[in-house]
Structure formats: structure tokens, C-alpha cells
Amino acid sequence: MRPSRRAPDELRAVSLERGVVKYAEGSCMVKFGDTHVLVTATLEDRLPPWLKGQGRGWVTAEYGMLPRATLERTRREASAGKQNGRTVEIQRLIGRSLRATVDLQALGERQITVDCDVIQADGGTRTASITGAWVALADCIGWMKTRNMFKGTAPVLRDNVAAISCGIYNGTPVLDLDYAEDSEADTDANFVMTGDGRIIEVQGTAEKTPFSQDEFLALMELAKKGVARLVDLQKMAVA
Amino acid sequence: MRPSRRAPDELRAVSLERGVVKYAEGSCMVKFGDTHVLVTATLEDRLPPWLKGQGRGWVTAEYGMLPRATLERTRREASAGKQNGRTVEIQRLIGRSLRATVDLQALGERQITVDCDVIQADGGTRTASITGAWVALADCIGWMKTRNMFKGTAPVLRDNVAAISCGIYNGTPVLDLDYAEDSEADTDANFVMTGDGRIIEVQGTAEKTPFSQDEFLALMELAKKGVARLVDLQKMAVA
Amino acid sequence: MRPSRRAPDELRAVSLERGVVKYAEGSCMVKFGDTHVLVTATLEDRLPPWLKGQGRGWVTAEYGMLPRATLERTRREASAGKQNGRTVEIQRLIGRSLRATVDLQALGERQITVDCDVIQADGGTRTASITGAWVALADCIGWMKTRNMFKGTAPVLRDNVAAISCGIYNGTPVLDLDYAEDSEADTDANFVMTGDGRIIEVQGTAEKTPFSQDEFLALMELAKKGVARLVDLQKMAVA
Amino acid sequence: MRPSRRAPDELRAVSLERGVVKYAEGSCMVKFGDTHVLVTATLEDRLPPWLKGQGRGWVTAEYGMLPRATLERTRREASAGKQNGRTVEIQRLIGRSLRATVDLQALGERQITVDCDVIQADGGTRTASITGAWVALADCIGWMKTRNMFKGTAPVLRDNVAAISCGIYNGTPVLDLDYAEDSEADTDANFVMTGDGRIIEVQGTAEKTPFSQDEFLALMELAKKGVARLVDLQKMAVA
Amino acid sequence: MRPSRRAPDELRAVSLERGVVKYAEGSCMVKFGDTHVLVTATLEDRLPPWLKGQGRGWVTAEYGMLPRATLERTRREASAGKQNGRTVEIQRLIGRSLRATVDLQALGERQITVDCDVIQADGGTRTASITGAWVALADCIGWMKTRNMFKGTAPVLRDNVAAISCGIYNGTPVLDLDYAEDSEADTDANFVMTGDGRIIEVQGTAEKTPFSQDEFLALMELAKKGVARLVDLQKMAVA
Amino acid sequence: MRPSRRAPDELRAVSLERGVVKYAEGSCMVKFGDTHVLVTATLEDRLPPWLKGQGRGWVTAEYGMLPRATLERTRREASAGKQNGRTVEIQRLIGRSLRATVDLQALGERQITVDCDVIQADGGTRTASITGAWVALADCIGWMKTRNMFKGTAPVLRDNVAAISCGIYNGTPVLDLDYAEDSEADTDANFVMTGDGRIIEVQGTAEKTPFSQDEFLALMELAKKGVARLVDLQKMAVA
């Protein structure tokens, strides 16, 4: 039985609250149970140097954790003088995930930066971040539409994107690991998927015992269900 | 008339919400109008090296701003690789302010780190931080009391500490500047005071036109009123 | 047809040359076609601070590229003052992959650091690194055995580990992408597997078009074949 | 009685020696007793990026301490890789203080950088720095006048600026604390004032015991006297 | 007798292998006995900012050591976040040595960057680097000639450059110190010379006992012989 | 003729003023004409980690330039976040030069740190630094003697150390280059020698035209004369 008494294919309570920061073009407070992430989307009229003059835009992400988001305080990265490896990995993942669903040509020569800051961490911060980031991004693109900033008629945002973790806990494949499960689970996989069920990113890791292909497929089945539910929640949120 | 239509000696709507982060020994979401700061207090059984073995504890603070807390996005300090001068100044001020009211001997050989993270900035982030930090600190010390962590009977927290800004806006001394006023005001002063009306820290700055002693005293009068009101709100919050 | 005229399930010419650096406890020059990586394994009698006194050892990895390993010179990370995000991601992946097959208890309180330095890069540097790193690691553990450094009889190295990339190139799933393919392929996945065919790590990414579950399974089939062949080559190398 | 046997309102021996570095447009060796600071003013035809094209100039300051300016050697900031918080605070204060008295419009699109390097530190390095910096700045502006670099007739330097510290030592308010007093004093305040007695910056701090408004006013009275004397000395120096 | 049983004026086995990295405009694997350095020369159409628009080119060098090039693993500079003092010294020396023999006017407004990466270190890495760097540089300039990139007829590369170390080992002046000798020798000198026997750079150091002028001259005699032999080998290599 | 009208073998006016910083165990303001360097020697009861418990002490040096020591302001290294290559080279040279004349065994397990800070730079800052550093070091060792800090009778400081530059200016070998000569000279050599005329360090560099052995010997002759004169001045200074 899971520590949280959830069924194996049961998500934690998920909420997506929009408009939580008044200055941002899009923002979302996303909660997966006790994991809380504040996401903002910022539109800027500038591009990374290597992208200038190509008629395309860019979407990028940054990720951070407040020092006491965790059980024990972690050192503030700004004071340590650099982002650690885990932070870098996660923010690159969020950026790639969002870009896979945006028509960068249609976006035009602008950059949207999505900031995901973890207020409270109870496992699954990267999947919550991606799921909330899509909402903030959608609101930012909506903000631009309202101001007639797009020339063409092609949809800038082609589909939903959401993410969920799965793992094998005490021999059973379970959905949406919280910290208590995550720290025990042998196998841990994160799936980023689109609204139509296709895969954007898969990351499966076995820190201790390697897993079989069948185990991996079981996790993928769970993930599909979870993402479908998250996409429904996103649709309700932005409706 | 002030942009917010407040009276010259009127604070913004202030709220102090406790217990907002489940892991922290003390926490507080403080709001001065549209300025929102999340404060956590962390107790640790370690000390800075220069303080070891002296029978005293330490209270220190760190300050940060989420990138999109501001009208325009500011660069994430963790990615820039260092804290900027303003950040360093503010976190030193918060630390000094809190230490002035804690009996470090009575605290024992432990460190409390107060993290102030600005979620939304509309002027006065340092004064809101100090005011909220006192609440988080008080809760942390309460948490320790509950666990019988203090030997003596001397109060560890000797008094309240709160802070407010004042300035001369359009020739009139006003209390608790918001961003619209702050960016226009010629003179800007921050006062950190105790519950009994004494001064812990005063910082008055004239970026353009120097000010007279009388103007400064007028600001100090306003500040006393404001701090008294904030101390009342702190007392209600922790009651 | 592939630019290299290889069959879809054909690896590049792979070689694993041992003993290439005289000081290292284990070393291997691994070549996947024009991708050349020099790997060394270093044994040290020290541990990361958080692991001390637990009776277990550690295996970690660092990765780097010589500035002119690439078509255009890339900036030397030592002179830039930090490792970039891609480097950090890859070295974490190599470390996790190796640890999954080492009995850290049996290793004892020691650390093995595996350094993977890319001399020439033509795609697949992370998979070549992992495949060669296993050989250097095996030699390092052999070096320790010769000196009777292990007490128990449990095998320290439980299985082989090798890695290969796959991708969908011009609509066809292909094995072991070189740079010409990698820069064109829409979907790109790296598989790290053991000698007995189980999965240690899977990373699948769609920078542009999301992929279906069937496409992903086709890649996994190719990967199994490729890894089996690499494991054979490892066995011949260390025989 | 003060350790130096000075009267409560007595400054240390102050000297302001001009022209001490042959390359600088302005320079001054300022001594407040055993506190010695070398100040240079550098004129440059460039501006911070955010100020370009606005028809205004800029005055900024940097501060440093030679490693053995102090009783015990302090680590060289260039070798530590960053300026510490105290350094950053002080150089920002010096810059603001000087800007308050310069007509940036009249200065034109140029930057003056004032470097304050402490050769020997016996308390009051920031106030000595500001007082000497004004002399170096005045000489730099004089150098520009001689070369007809200003178009208008408005005075570029509107008034003198000098600074002094005060504190409560053994219960008595005293002027111009040296290190022996500073390390004992409970309350410590720095005042930056103009030649006509107005305030540019006030910073009062109570590290241990909060102070009353009356105590603060007593310090301000002392400071006025001290600054008036310093301004006289500046006038003699540049005459 | 020398640990390696070489005669006092005998070089280690030297080899210069060209074309070892397929992307580089010039490359060389240089071996002085067990000291192995991989050198690449990169041509770029850009210049350091201070050199722009002067009709001249630039040659610069960077130096690095793989972590396990040495008996004990040294920390990776990219992960330490900076190049150490020894690295900086050596790469500046290599750059100056190469520039002394290149006609920068004839090179035109381009930069050649020479990267020297030590694969295995057994003493004399800087002299091996310079000797191999000349070969890579010569190949890079040859590559440019083949593409008719030079307008004039003046030779761009005016002469050979090679370098060798000498030292006093057990009282006898010896040529080309290996690590066993270097760590024992009292006096250690590096000579960089041209093909016609003139001096580009001399560095003689006595860490313990100062040396006489006669001792220094004896080292210089040895060095001349050694460099003459190295220049012969360079000529054979590029023939 | 030299720009300064000096004879080829004529030093600039040299002065060595002791006791210029009241806290330091030894200090010296050294002037070679318009090159002014402030040197302090600091005694500390600590050692670099790699030297602990070996019964020997250490002498090390740090070097810096005030930003406006030069004709144009150079960026403050503390604010740039690192010491540049030239600084690192020079401070390593000063450290080696001083260590060559100190009996580290006799010094005992302590460290002397010599700080050389250039107040004004007109060429030859490294040679002036070494020459003045010896005086500060001698005073520091004298300070220790006075306090009976040495057990044995062996002299801790075995000989004088002084340094001078030479170069070929307009075809003539000249002594003690100032900036006007240094920026024109083709060949530039620095000699560090002991009081008895032996060599500690030689560095000869030809940025443009290589030099012959005879030219180098002519420079060495000049250097001997110059160092002899500097050693006389050191002896007078510490007498």
C-alpha cells in the first residue's frame, strides 16, 4: 500500500491557479499535493544571439527552489554562486518540453522565459513545473493574441503538454510519486506527453536495480492515464 | 494626493499569514499591499566557524527576488553567478535587525536562518521582509520552546521588530511608499524599530536633493506611527 | 539511405583499447567511428563527505571535450569558468549508469572517478563514453583484485553496462547516430543497458515532433541489438 | 574618557593631500588620524549601458582595502574571487553620496569613477573615503574645466560633501570614532552632509541595544559640527 | 647517472605525429618519452577586441591537463571553476613563443588558437607543447596557403620554434628532464629558441639554491644542442 | 639616448622607506622613479594544508595594482572576480624569489605573506616589488628575532635578494626600463639575484625579434651591476 493510501494509478490532488503574479504575462501556481511551484511566463523582445535574424522565436525555462522548500534547508544557489547539476538538468528539460509544442516561426522574433520556482517540494517538482508551465505559457500567448501580436493564422501553441512521474514502489508500478515513495522506489521515470498522447520526453532511471522492458511499458501505461487527466485539468483551468 | 489615494500616514493593507511552508520551523507570507514576501525560519545545529564554542547562537538572513517579481523580469541571481549589491545590502540589514532583539546567549549554540523571498514587488520589500521575518522567527522560537530547547528563563526574543519606509512625495512626508511613489520620491528613509519605540536601524538617502533635519524628523514621526501599527498586527498574528 | 551507407541496425566500427594512460588504475580509448573518447578510472581512498562512515564506496564520473574535438572550436570550459549544462547532464548520466552495476558495499569505503575526455566528436559521445567507461572501470576493479583489496567473495562488478543511441532518420529507425544523422533526426533516444538486456537508463527526446509509443518501441528494439553487440566487444576487450 | 583623550566633539587630525597619483585626473590621500585612504578620480568617455544617449553623465565609486590595512591580514578580494558584502555596501554609499552633489546633466555623457583604497584602517574608512573623494572629484572637474569640457555655465559640482561617524561610547555621544571606540560602541551612525548642512545619507545601527530618538538627535548635532569642520578643510585644500 | 640512463645531453625519444584530429586545420600528437601532448591549431575569422582594424592577426594558446595525466589525479579545472596559476603561466608562454616567429601582418586579420592538452605528463609538458605547437601551427598555415588565403609573398612563418628544459641534476647539467629528475633538480631552466639558434624565451629558476652564471651558461649550451635536434625532427615531420 | 636621459647602466632614483603601515610586522614603500609599490609582510601561525606537520615554514606573495596606478584605469580585479594572468605570474615570481633566500626549516611552522600593491606604475613593478619585499621580509624576521621566536642560531634570512629589468632599447642594452622604454624595447629580461651575485630567477622574453646569446649576456652584465647597487641600498635601509 502506498504511504498516501492512493490507488496505484491515482494522482495527488492537483490544482492550477492562474494569474498569481500581477506583472507577468502569464502565471500559474501549480500544486501536486504538497508540491507547490510558482510559474511565471515573461515575454521579451529579445533573442539569444545565435537565433537573431532567423524569423523565429524562442521559449526557454529557468528552475529554482526556495532554500526551505525541502525538509532540510538547502543552500541558496545565488549565494553558492552557481546552479547545481540537478537544477540545470531540470530547467533544460522544461525548456525542451515547452518548445516541442510551440510553433517558433509563428511566435515571431521574441523570447518567452518561463520561471519555475518551487515553494514547497514533496517529490515530482519537475513534472508539476512542466504541467503548470504550460498553463502560464498558454496565458502568455493568449495575452499576445489579445494584443494582435501574431500575423498568421497558424496556432502558436499546437497542443497541450503535461508531465508525470511513475515508479516501481514495493514491486508495484505507481503513478505520481511523492517524496516518501520516490526515496524508496528503485525505478523512476518521468514522461512528458502531448494532449494527443504522443511522447515529447521520456527519462527512465534505475539508480540501483536495472528494470525490464515490460516494467518500463507498465510505467508508460500509467503515465498515459495520468497525463490525460492532467491535460483535462489544464483545459478546465484555461477555459 | 498619493497615487493610491491613501492618507499620508496610512499604511497599505498589511497581512501576516503564518505556517505557509510545512517543513519550516517558522514561516510567514507577509503582504504590504501588492508587495508579497515569503519568509521561512530554519533552525540548524551549526554555527559560523568564527562563533563556535562561545556559548552563543546566531541569527542570519538571506534575501532574494523571484525573477518576475518585478515589472520587468530581472536576471536570476543563481544563473548570474552572484548576488547583486542591493541583495547583499538588504540581507545584511534584515540579519542585523533581527539580531538586535534576540538574546543570543539564551538561544544557545544554534543558528536560525531567515529566508525572505519576494514573490511580488511593489516597493518596500525590505521593510515587509523584516516585519514578516519577525513573525517567522517568533514561530521558530516558539517551536523550540515547545520542545524545551531552552535552559534558562530569560526571554529569547526580547521585543518585537518591525520596519517601514517613509519618504517625501510631492513635498509631503508620506508613510509606506509603494513603487509608484518610491520611484518619484526625492528622499527615502527606512526605519527599523522595536515594539517599545526605540530605533534599531535608520537609513535615509537622498539620491537627488539633500534634505533638512526637520524633514528627516517628520519622517521619523510617521515611521513611529507605522511601526506601532505593524507591531499590533504582529501581536495579533502570533497570538 | 544513411549518409554513412550503414544498414539501419548497423553500428559504426567500434574499438576499445585498454591501458592507454600509464598512471591510471584503468583506462580505455573508445572509438565509435570518428567519435574518440579517452577514459581513465582513478581509485582514491576518499569519499564525498555525505557518504563517510557508511561502509559503502562511490563511483562518479566527469566529462569534458577538448576544444577542437568539434567541427568548430568550442570554448574551453576551464577558461569559461564553468561546465555547461550539457556537460553536467552527461557526466551525471555516466556516473548513474556505472553505479547501477557496481556493488558499492563490496567496493568498500573508496571512490572510483571515471574521466571521459572527448578527443574527437562525431555524434554519440555519451554512449561511447559509457561503453568505454565500463572497460576502464572493469580494469580498475581488476587492479584492486590483484592487490587483494576486497574482503568478500561477492562480485564487485555485477554485469556489463553499455549504451547506444537510436533515432528516427528520414522516417526510418536507425542505430548509432553519427553527427550527420543526429543533426537531422527528429527523435533521438539513448539507451543504457546491462549485459543481460535490462534497462539502466532511457532518455528519449523530441526537439521538434513528438513521437508515438510504437516509434519508441522500435528504437528500443534496435538498442537491444546494439548493446548486445557492444557487450560482446567489451567481453573480448577485457578477456 | 575616550581612549585617544579627545574631547567628545573632537575630530582626529585630518589631512587632505592632493595630486598624489600622477596619472589620475584627480587624487587625494585623506587621513583621519591613523586611517589613511588613497582616492583617485578617473574620467572616461563611456557610460553604463542603461544610461547611454540620455544626455547625462554618471559618477560611481569603488572601494577596497589593502590586505594588511588592518590589525590582522584580511584575504585579498581579488584572490577570493569576489567583493564581500561590506565592500559592496560602502562603495554604493560613496557613489550615492557624490552623485547627490553633481549636476549629471552638466557633466555631459561621461563617467567619473572614484577609487577609494584603504592603506591603513583605524575606524571610519567610509567617512574618510567620502570626504577625500569629494576632493579628488573636485580636482577632476577642475581638470575638465581647464580643458573647456563643459558647455553651460551651471556649476557641475553644486556643493561640498563630507561624512563623519558618531556613536555612543560609554554612555557619551562622541564624534569620529576610531577603531578602539567603534568596537566598543553600542550605537554607530554615519552622516553624509553637504556644505550647507543638509543631509545626503544617514545610517544609524544598533548591533546590540536599540537607541532612543533623543540619542539619535544628539549624534546628529555632533555630526553637523564635524562635517562643518571637514568642509572647511576641503575648502582650504582645494583653494 | 640519470634515472633513465640517458647521457647528460640526450633527449628522450621524441615523436611528432601530424593530422591526429580530423576537424582541426593543424594538429600534432607530440611525445617526449612518456610525456604526451595533443595539440590542435584552429583558424578563426575573429580577433580579440583590442586588435580589431589594425590589419594584423593574432596567435594565442591554451593549455590544459587531463585529470589523470599525472601520477595522482588532479582536479579538473572546468569543475574547479578556474585555471590555476601554473596553467595560466604556461599558456602565456606558449602564445608568446609562437607569436615571435609569425609575421602577424602577413597573417591578416585572423586568429589562430593553439590548444595543448596533456594526455600523459612525465615532465617537460611545456617544452613538448611548444615543440608540437609549432608543427600544428605550420600545418594550419599550410592549410591556409593551399586555399590562397595570403596576399603577399612574405613568409608567414619566419622560422622554426622549439623548446627544451635543462637542469642541474646531482651536480651535472642535463638535458630534457623527466619527472624523476625534475622533482630532484635544484635548478631548472626552459629555453625556447628558433631554428637559427636565437633565443625567444629563457626562464631559469632556483627554488632552493641560487645558481652561478657559469652554471646557467652550461645549461644554455645543452639547450642549443637539444633545440637543434628538435628542429631537425620538426623539419622531417612537416616535410 | 634614453627618454629619461639616463646612462645605459643607470638606475632610476631608488628609495626604500620602512615602517609605512603601522600594523604590519614589516613594511616598505619602494620607489624606482615613478614606480611606487607598497609592500607589507604579515606573520601568521598557519600554513598551507600540504605543508602541515613538516617542521618547515612558508613564504608566499600576493600582488595587485590599484586601478588608477596606470595611465588608463584598469578594471579592479576584485570586481572582475579574478586575478588576471599577469598578476598570477608576478606573484608566483615574487614568492619563489623570496623563498630562495629563506631557511624555511629555521623559520619554523609559520607563514609570512608578502603583499605588494602598486600605487603608481611606470615600468618595472615586479622588480621594484621584489626589491622592496626583501626589506619588508627582513623587518618581519627582525620583529620575530626581537621576540625570540627562533630556536636555532642559523640565520633565517641567508642573503639579500633584489631584482632589476634590462632590455635592448634602440639597439643598446640598458638597465632598469621605465614604461616609455619598456613599450618600445624588443627584448626584455628580468633578473632576480642574491647579494653574492648568484641567480635566483632569469626571465628573458622576445615578443618580436629573437635575441642572440651575446645580447643576453650583455643584459646579464648590466643586471649584475644594478642588483649590486640595489643590494647596497637595501643594506643601508635596514642598517
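To keep things simple, chains are lettered A, B, C, D, E and F as they appear, and every chain counts its residues starting from 1.
Going forward, a contact is a pair of C-beta atoms (placed from the backbone, for glycine too) under 8 Å apart; a residue touches a chain by one contact, two chains touch by 3 or more.
All values reported here derive from a predicted model rather than from experimental measurement.
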**Request:** Determine the shortest chain-contact distance, in steps, between subunit A and subunit D.
**Result:** 2
**Item:** Between subunit A and subunit F, centroid-to-centroid distance (C-alpha), Å
**Value:** 59
**Prompt:** How big is the gap, in whole Å, between where the Cα atoms of subunit D centre and where those of subunit E centre?
**Reply:** 51
**Complete:** Taking each chain's mean CA coordinate, subunit C and subunit E are separated, in whole Å, by 33
**Request:** Note the residues in subunit A that touch 2 or more other chains, in rising order.
**Result:** 81-82
**Item:** Running round the ring (origin subunit A, first step to subunit B), the chains in order
**Value:** A, B, D, F, E, C
**Asked** For the complex, which residues does subunit E have touching subunit C?
**Response** 21-24, 27, 34, 38, 40, 42, 44, 62, 64, 66-71, 73, 76-83, 87, 113, 115, 117, 119-120
**Item:** Sites on subunit A touched by subunit C in the complex
**Value:** 82, 85, 88-89, 91-92, 96, 99-101, 159, 189, 193-194, 196, 198-213, 216, 220
